[in-house]
Amino acid sequence: MSAPEYGRAFTLWRKAAPEWDAYTRHEFVEALRRGDLPRQDFLHYLRQDYVFLIHFARAWALAAAKAGTLAEMQAASATVQALVHHEMPLHVQVCARAGIDAPALEATVEAPANLAYTRYVLEAGYSGDFLDLMAALAPCVLGYGEIGTRLAGSGGPYSDWIETYAGAEYQALCHDVGGLIDGALAYRLGPDWAGSPRFDHLAQRFATATRLEVGFWQMGLDGA
Amino acid sequence: MSAPEYGRAFTLWRKAAPEWDAYTRHEFVEALRRGDLPRQDFLHYLRQDYVFLIHFARAWALAAAKAGTLAEMQAASATVQALVHHEMPLHVQVCARAGIDAPALEATVEAPANLAYTRYVLEAGYSGDFLDLMAALAPCVLGYGEIGTRLAGSGGPYSDWIETYAGAEYQALCHDVGGLIDGALAYRLGPDWAGSPRFDHLAQRFATATRLEVGFWQMGLDGA
Amino acid sequence: MSAPEYGRAFTLWRKAAPEWDAYTRHEFVEALRRGDLPRQDFLHYLRQDYVFLIHFARAWALAAAKAGTLAEMQAASATVQALVHHEMPLHVQVCARAGIDAPALEATVEAPANLAYTRYVLEAGYSGDFLDLMAALAPCVLGYGEIGTRLAGSGGPYSDWIETYAGAEYQALCHDVGGLIDGALAYRLGPDWAGSPRFDHLAQRFATATRLEVGFWQMGLDGA
Amino acid sequence: MSAPEYGRAFTLWRKAAPEWDAYTRHEFVEALRRGDLPRQDFLHYLRQDYVFLIHFARAWALAAAKAGTLAEMQAASATVQALVHHEMPLHVQVCARAGIDAPALEATVEAPANLAYTRYVLEAGYSGDFLDLMAALAPCVLGYGEIGTRLAGSGGPYSDWIETYAGAEYQALCHDVGGLIDGALAYRLGPDWAGSPRFDHLAQRFATATRLEVGFWQMGLDGA
């Protein structure tokens, strides 16, 4: 599959990440597509994903703190706000319908693969700058967009999940984030940002984060 | 003036901060109250306050990143969102009406007293934790609430400014932030948080931040 | 095995960490003791441990930045200095003798279990304060001391490794770090620090870090 | 005075900082040169400088945590170690000889100009990356070297102070730090780093930090 139109940096980083296909075409994803993912694996994933969202929101909050322009700050702030006041309550509802009540959700023990990815993202942001944070967040935000697009219309028991990411709203977010990243690169590194060593370091961050996303899906399958 | 009802920590910190009155009854504030603050001083203050808001929003974003509970994260996120999507655009309009257009506002050179306070707050947050950030932010958030209450109904050319902080909406925010702080202390230090050495360190943070707020008003008067 | 004399906080945290034995008596450790750990597994561990040391030194540097007293700063600084000017060059030599030359060492791809633990520690430090950092670092520093003591005199091909951690110098470091932690708790939370909710949160940090240490040994066995 | 040979970035940043001369030829400095700085002003400066050194050491520790290479980490770590185990004890002795005993030194209340500069540096480091930290630290480290060189041989009551910074050891440190900065820029931005927008942002950081250094000398004169 050619890269979705999520901007120039994403296209380059995606191509340079050895495990991009291992992530976006992981057996967990394929099982979602075919509809034969065991329900229990999906529920395990949902619970971990709730804990993930907490740290994901923290990472976007850190992005707002580290923004270089008002536009960057506004974009990051809107994302945090959507996550903590909309996505997370929604996730609680989805889990409740799936039989996981709020106390059970709160009691979720964070799996090592979950810890690995979220702390990698946050630490990249704390130790580095806004660009490091974007490079570490991108595989998640944009990878889910790519997966959604590829799986759109698959139907089956997981079609709700699939269509969330395939849908216009999520795809628009991916375009916005792709644009935010390209703009942030140009603002800091100039129009030839792709030729800067800094860009290579960011590509490595993207590749490492992609590797940890593979681990996240695998955790879903392994139930641990 | 007795302490406004902004919670128990505020009451204690306020009492222990030697320069609280020097801050809340600064000549700049008194001149706002009497209505004889030179227009030029007010405009200088407004411009610096715009730059201040940027870093204030960053500090609240950092608070969201460092939150210990979902409720803390939601409160901090809502504050950032209000600041960057509402307060700051509003501030641009207020300045425009006062004859400072957007490019002039953007060109504001951050005064040392402004740098001192904002960087003190942010650094407290980065080096410390959520509580350090709250203690450093509190003199601004709650001090303006106290000033607004005391100056309410003064009339004069600065009555718009005064009534913003005296108004129900801002006062409700002060109560919420006061409650957020008391809750954050109890969550981390237990019901006897006021007896912890940690609380004394936080009181020092509050006192230092108060001292830097005095400098901020003085900058308004000095025009530098 | 009763807890080594590394201070009061360690004794409490150790007891409250469900996977402490899974960590300190992991099959990797037992194989080191018996001397039948496959050489290749040990070399894999050594390479990962080199990358680990880089981030471990960064974490101690962050501790120096976040210290609350000059004594804390001096202790953390001395540890960083020992790591980057002594331990790491030594590690390069040990690896060289084991047939891993410097370029091979530098080319090590950081394993997910390594990323998970180091980034967890660093993020704990960035998001929290000095105490969070200590609680996340303690399982490594003090756990190796406990393992060294238990395995002392086992002989075999890994006796050099064992005796490094069993030796007087490393044991003295463990006592110092234990004392640093107890002192840091008292300085911030008073003499009854063990009764503070903050202490429970720190115990959770210690337990999570311990869990990730189990993963680190397992990575040694799995070769990935 | 032409720029000392402290590297290419320093030469460019120095030229672009409007207040460089206001800093390095401040009346406080000229009075040190002429030898007629009131003793009391010097003692006030010494006390504040002690508090400054604490935060300066913290900033270099943060640099070690944010280093991109082992060489950067080693350089930053050695600086922290020298500061906390050598410079600071020495400063305590110098103050003692000047009649300020250790308790008096510890009781120093940090002046706003001191808070402004140190927190600006630390916050630049936390919010940005290693380069931001270097750009904010450089006016201090290298400016003192330039001042020392210019004042060398002035004699008078402050010749000890002057010759410390004019001396071979401090000048070698300036060359090393200048080289560290040039190397860090090339590592991240490639050989044409001076043409990157990032470099302009760093020049602004350097200029702002220089402005805050002017305030630091002025504090010495004002005794507050």
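Going in written order, the chains are labelled A, B, C and D, and every chain counts its residues from 1.
We adopt the following convention: a contact is a pair of C-beta atoms (placed from the backbone, for glycine too) under 8 Å apart; a residue touches a chain by one contact, two chains touch by 3 or more.
Chains and their UniProt names: A, B, C, D = Aminopyrimidine aminohydrolase.
Source: prediction; values computed, not measured.
Identification of common neighbours of chain B and chain C yields A, D. Steps from chain A to chain D, taking the shortest chain of touch contacts, total 1. Look at the CA centroids: the one farthest from the centroid of chain D belongs to A.
Rounded to a multiple of 5, the Cα-based rotation taking chain C onto chain D is 180 degrees. The pairing of chain A with chain C is characterised as same-residue: of all residue numbers used at this interface, over half are used by both copies. The distance from the centre of chain A to the centre of chain B, each centre being the mean of the chain's C-alpha atoms, comes to 35 Å. Spacing of chain B relative to chain D, judged by their CA centroids, is 31 angstrom. The residues of chain A that reach two or more other chains are 58, 65-66, 122, 126-127, listed in rising order.
If each chain is drawn as a node and touching chains are joined, the picture has every node linked to every other. Against chain B, the residues of chain A that register as touching in their complex are 54, 57-59, 61-62, 64-67, 70, 73-74, 76-78, 80-81, 84-85, 88, 122.
By the touch criterion stated above, chain D contacts chain A in their complex at residues 65-66, 68, 126-129, 132, 187-190, 195-198, 201. Per the touch definition, chain A reaches chain C in the complex via residues 58, 110, 112-113, 115-116, 119-120, 122-123, 126-127, 208, 211-212, 215.
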